[in-house]
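Residue numbering begins at 1 within each chain, and the chains themselves are lettered A, B and C in the order written.
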């Protein structure tokens, strides 16, 4: 086994890793706010917020990520009228896709706050929005953090799917190097180890957060 | 439409049996892994945990590539030759292996979680009435745990179904692969992709609907806080 | 001050309030007692609009609670409520719990709100807990902070929903003492409780509810000595021992 192949091609692999991180960060930056918005709409009593948001979430969650990536790969040039780079298509696809998952986490988090808290806030004359802002959301977010971090780790793993439209992220570079060097075992094992370390560290952090945070009483 | 319709149907069929067989294997492995994580033997627990952590933290696509590209190279040349000559659909096998093992790790996690949610006191209460270990598992633990585990397990079933789409990258002709093939022939990729989406949506919603129905049939009032 | 007229409420098919009618004068202390599920808490929550009722009318100080033209937020600001499970905001200090509404609703300045909050904490006897979090307090202390929080809006009416039911026996007295002190101040109070000793001591009127209906009402002595209905007698015999 020739482990040198890793060292020789390190620059390429690192470039791929950088793209992976970039994609993940862009995706989270877009998907998280969108997810919060969708989650709140799912809790709304106004039908024109609830039904569209619910349809969006259920639809996206029924479809594989690869398909969503293909959607945008085909759709983006049509929408913008110009050719769109694969990174951008992938980023948009990730944002749209992961937002649906963040939305469910947000919804569950807010629903986990007891109704009594809402009533307490309202009984002092606070408006519904004020009650949400000062009482429910701070508590809900604190409770949601472990699950949110887990979802970010999942998102990080999902970036590998950008491979299918040629985005030069980490996995794509690994396979490009493999096509040249034919050292599949060393290369893919390394890729596996890298992903493993990143995700395992992430999930360990989550576990710590869960233990420390606890539920506020 | 023909032969594209035919291709899509073929693809759907492949998707269904790839996911189905994968699910069965994943369930069996998952039960083994999940229960080993709650076993009194520390070594077994460690093995189970290692299994789950390894296969959960590596992206499915990477695992798929390892099975398809790397594993054959790890076998002795004679075995490799035998596989390439005698096993008809190597890509399918690689996809099956990757899918089932990945999903089994997740299933194992759900099962562990379900088993652990039953408190020690429940076990003690059952044993104190004179039930044997086996009876306790059969009449108390499993019915209770099953009701807790089934909803997330449904999620995993839908998951393996969606994840089968990854097999397109190693040329397994499941439904998403077919959309690409149709696109390369007709440049009507968008329509093909929309069609495939429709397929996934219909199947997933059907499964969810069915499971919802099942859940309400077997649910016990007040048992699970929703 | 509070006019409850023929209020009927259903949860789906289940009717939880039947033709409830009652008049409560300004400054009165009214105790509502009765078995679980009799609708007492529900009635209380209808008064400040936290629960909706399908039929009837509740008029608080001239304002109809469910009328469309009513500003329910303003109404709620004038009514204080204390809950069985305290419902303090766990992520804020006691002081912040109390000052939140005065700052956001009455637009008080930080300084002003704090002074008010501290004086209320003194009134309920625990000024030293001001900067602690609810999780660090005992049940009795939490409930007293909750009372201070409700008083911070300077309400005309105070509603208490089983304020001592979730407390350990030793802490019940400290909360009841605060409530007794309040009754002397002239504020209108409606208290849902099982604490008959409290009722006997301070209540101007006692109402017994069962299955969504007002079964009996009376001034303290007449209620306890000569209960008119069988059901009331039954209830009293069980809880008075």
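Just so we're on the same page, contacts are C-beta pairs under 8 Å (C-beta built on N, C-alpha and C of every residue); 3 or more make two chains touch, one makes a residue touch a chain.
Remember, it's a predicted structure, so these values are computed and weren't measured experimentally.
Asker: Tell me the shape of the graph of touching chains, choosing from line, ring, star, complete and other.
Answerer: line
Asker: Does A-C or A-B have more contacting C-beta pairs?
Answerer: Pair with the higher count of C-beta contacts: A-B.
Asker: Which chain maximises the distance between its CA centroid and that of subunit C?
Answerer: Of all chains, B has its centre farthest from that of subunit C.
Asker: Using mean C-alpha positions as chain centres, tell me how far subunit B is from subunit C in Å, no decimals.
Answerer: Each chain reduced to its C-alpha mean, subunit B and subunit C end up 53 Å apart.
Asker: On a C-alpha centroid basis, what's the spacing between subunit A and subunit C, in Å?
Answerer: The answer is 46 Å.
Asker: Measure off the straight-line distance from the CA centroid of subunit A to the CA centroid of subunit B, and report it in whole Å.
Answerer: Here subunit A and subunit B have centroids separated by 21 Å.
Asker: Can you list the subunit C residues in contact with two or more other chains?
Answerer: none
Asker: What residues on subunit A touch subunit B, complex-wise?
Answerer: Those residues of subunit A that touch subunit B are 58-59, 61-67, 70-71, 74-75, 78, 153, 157-158, 160-161, 163-164, 171, 174-175, 178, 184-185, 188-189, 191-192, 195-196, 199-200, 203.
Asker: What does subunit C use to touch subunit A in their complex?
Answerer: 45, 48, 50, 73-74, 76-81, 83, 85, 87-91, 100-101, 104-105, 134-135, 146, 149-150, 152-153
Asker: Which residues of subunit A touch subunit C in the complex?
Answerer: 114, 116-117, 119-127, 130, 134-135, 138-139, 142, 216-217
Asker: If you look only at subunit B, which of its residues touch subunit A in the complex?
Answerer: Per the touch definition, subunit B meets subunit A at residues 53-54, 56-63, 65-66, 69-70, 73-74, 158, 162-166, 168-169, 176, 179-180, 189-190, 193-194, 196-197, 200-201, 203-205, 208.
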